[in-house]
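Both complexes shown next keep subunit A, but they swap its partner, so subunit B is in the first and subunit C is in the second.
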Partner chain A sequence: MDPKDGSSTKPAWAEEFSVYAAEDAYVQRRQFTKFLVMTSAAMVAGNAWIWLKAVTAEERTEWPEAVVARASEIAPGTVRFFSYPGPHDPCILVRRTNGEFTAFSQKCTHLSCAVYYAAARDRLECPCHEGYFSAANGRVLQGPPPRPLPQIRMEQRGDDLVAVGLVHGEGE
Partner chain B sequence: MAARGTAMNGFEFFVDPSRCIGCRACMAACAECDTHRGVSMIHVDYIDRPNSIATTPMVCMHCVEPTCALVCPADAIKQGEDGIVRSALKPRCIACSNCVLACPFGIPTVHIGPELMMKCDMCYDRTSAGLRPMCATVCPSQALTFGPPEVIARQRLAVATNEFRFGREHVKTKVFMMAPASEPVIAVNVEDYMERGDDGPEGWIVDETRLG
Partner chain C sequence: MKGLSNPARRRRRVAIDAAMVMIILVLMVQMWLLTATLESDLAGHHGVAMPALLSTAALFGVCAFLYRLVIRVDRMQESVSATPGEQPSGPWRLDKR
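Showing the complex of A and B:
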């Protein structure tokens, strides 16, 4: 019954879930060390797995093409929303105040809030935590986002604006 | 574990059935407690109802090895370092009644509404602060007494014992029962309340007509 007595003949579960409050709360140094080692090992293994996945990941080269808008229908300083490359990947097509077309994933790289285009300041802004992105290339201008916005490569064919690929920005 | 059973300034709890007058003041006092208002965690038993008006208050005896806790499948019943076996922990209790069936003294009760086993916890909120348990403060005949063992030994003819035998089961408790000096161990022969079935020694069955 004495938890410090190593000669106990009780099964492990009976000591772990003891009837006696003191014994129930008692943690052996060996148990605590085991817990530390096991959790550390689990974290090392998890990080190694993430690192391996990142190292072995292949760059995606095949992208679908999608006509997302007609250039003549978008006035400078306004936007169109579309999904690319899949139906659940919200994107924002911006006609900047200087007339140039750019397109980005609409999910902020911080916590995936939807960014919007602030025409007066010619930049993409995330309302959640005041993260600002350049409307020219998606680079982070300020705030908590760790990476630039993924940019959608656009081509203009006649009047059609066609999404032809996605470029992930590198971290700062 | 030296601390177990030695708390409370050396005071111990004594139950003396021969002094009980059946007034149920203890039950009323118990039910007044803020932690379980309206519900008494102790009860008064008739010992032999058809033949006698004798009663006895039944508080938890706080076994040294609590059977109720040992059989709890949800790990809900704990014995504190003061030796007091607590009521079931509300987040854990599944109201399965295992403890009710296992207790040799018939103490725990399962309350269907809150789905919780509640039993006497010797008012450990009071006793740990130097107060006596509610029931012991109100008992007019001191059938329930909380005090120093040497004082009890001086004042009473009966002898305090805390060992019980139920058939082959031997139980030692924190709470003392006042018994005749001739019986240092209170033995209840379970077989007295049973009759033998047809299939040999394993076939004991309870004769409910003899339970009273």
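Showing the complex of A and C:
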């Protein structure tokens, strides 16, 4: 196939150099447009995957109970770290300066950096990109995090602080 | 350019370019929709998945329509530019008028 005019002079296998690199590298408008449309189809597939995941996902109702600390051992303005609900889910228990206990997942919802409690400003801060969260309910106060910190539901039983569940999207 | 001297051909080229730009714009909207849907789903708002899927499917339909338009106009351009009796380059074949 002659690449210049498209006429067949002799079969490709009979030519000494049957690969035309320059012509192969040339992308036609139709090819480019086809690539764009295929990408558009991939976007639909991605949304379909999210929808399937949302439909098949089961809302978790059963959560383990775990004693994470003793209330008398945590002074106001300090924190205690623990894992909940699994051993690889780092969380932070905060005793705010007003004495209230709150607990959150320690992973920033932006890029999963570990957040820490800034007692002077009474908020949780992510040092990576300066994302700030409310220490009261995990709501995003500033920065790139797209959603609030997952909150750990706590119960105080006597002196024990017990984690009894996890809530996503609290504070929105 | 010699090819652009023909007003009809120039109009067709403008039409193709416009269609391609529109496809790119639609694609950008689809990308935004996908990331926004994913963010919402991760935040626990599963209700947005279905409307987002329907919207992106509709946008894909727009893309497919524009793609067909590009193909048709581009082929028309080939048939006009090819001299009589000469086969146009490429793997497609055109009906002779």
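FYI, the second predicted complex is superposed on the first by the 142 of 172 C-alpha atoms of A that agree within 3 Å, B and C clash if a C-alpha of one lies under 4 Å from a C-alpha of the other, contacts with A are read in each partner's own complex, and residues count from 1 in each chain.
Just so it is clear, a residue touches a chain if its C-beta (ideal position, glycine included) is under 8 Å from a C-beta of that chain, and two chains touch if they have at least 3 such contacts.
Worth saying up front: this structure is predicted, and the values here are computed from it rather than measured.
Novice: Should A:156 be classified as contacting the first partner (subunit B), the second (subunit C), both, or neither?
Specialist: neither
Novice: Who does A:20 touch here: subunit B (first), subunit C (second), both, or neither?
Specialist: first
Novice: Contacts for A:137 in the overlay, against subunit B (first) and subunit C (second): which applies, first, second, both or neither?
Specialist: The answer is neither, since A:137 touches no partner chain.
Novice: Identify the partner contact of A:31: answer first if only subunit B is touched, second if only subunit C is, both if each is, neither if none is.
Specialist: A:31 contacts neither subunit B nor subunit C.
Novice: For subunit A, which side has the bigger count of touched residues, subunit B or subunit C?
Specialist: C
Novice: Check the residue A:40 against both partner chains and state whether it touches subunit B (first), subunit C (second), both, or neither.
Specialist: second
Novice: Where on subunit A do subunit B and subunit C both make contact?
Specialist: In subunit A, positions 3 sit in both the subunit B and subunit C interfaces.
Novice: Which part of subunit A faces subunit B closely enough to touch in the complex?
Specialist: 1-3, 17, 19-24
Novice: Any idea which subunit B residues touch subunit A in the complex?
Specialist: Within the complex, subunit B touches subunit A at residues 1, 3-4, 65-66, 69-70, 75, 77-81.
Novice: Subunit C touches which residues of subunit A in the complex?
Specialist: It comes out as residues 3-7, 28-30, 32-34, 36-37, 39-41, 43-44, 46-48, 50-51, 53-55, 57, 146-148, 168-169, 172.
Novice: Taking the complex as given, what residues does subunit C use to touch subunit A?
Specialist: 16, 19-20, 23-24, 26-27, 30-31, 33-34, 37-39, 41-46, 49-50, 52-53, 56-57, 59-60, 63-64, 66-67, 70-71, 74, 86-90
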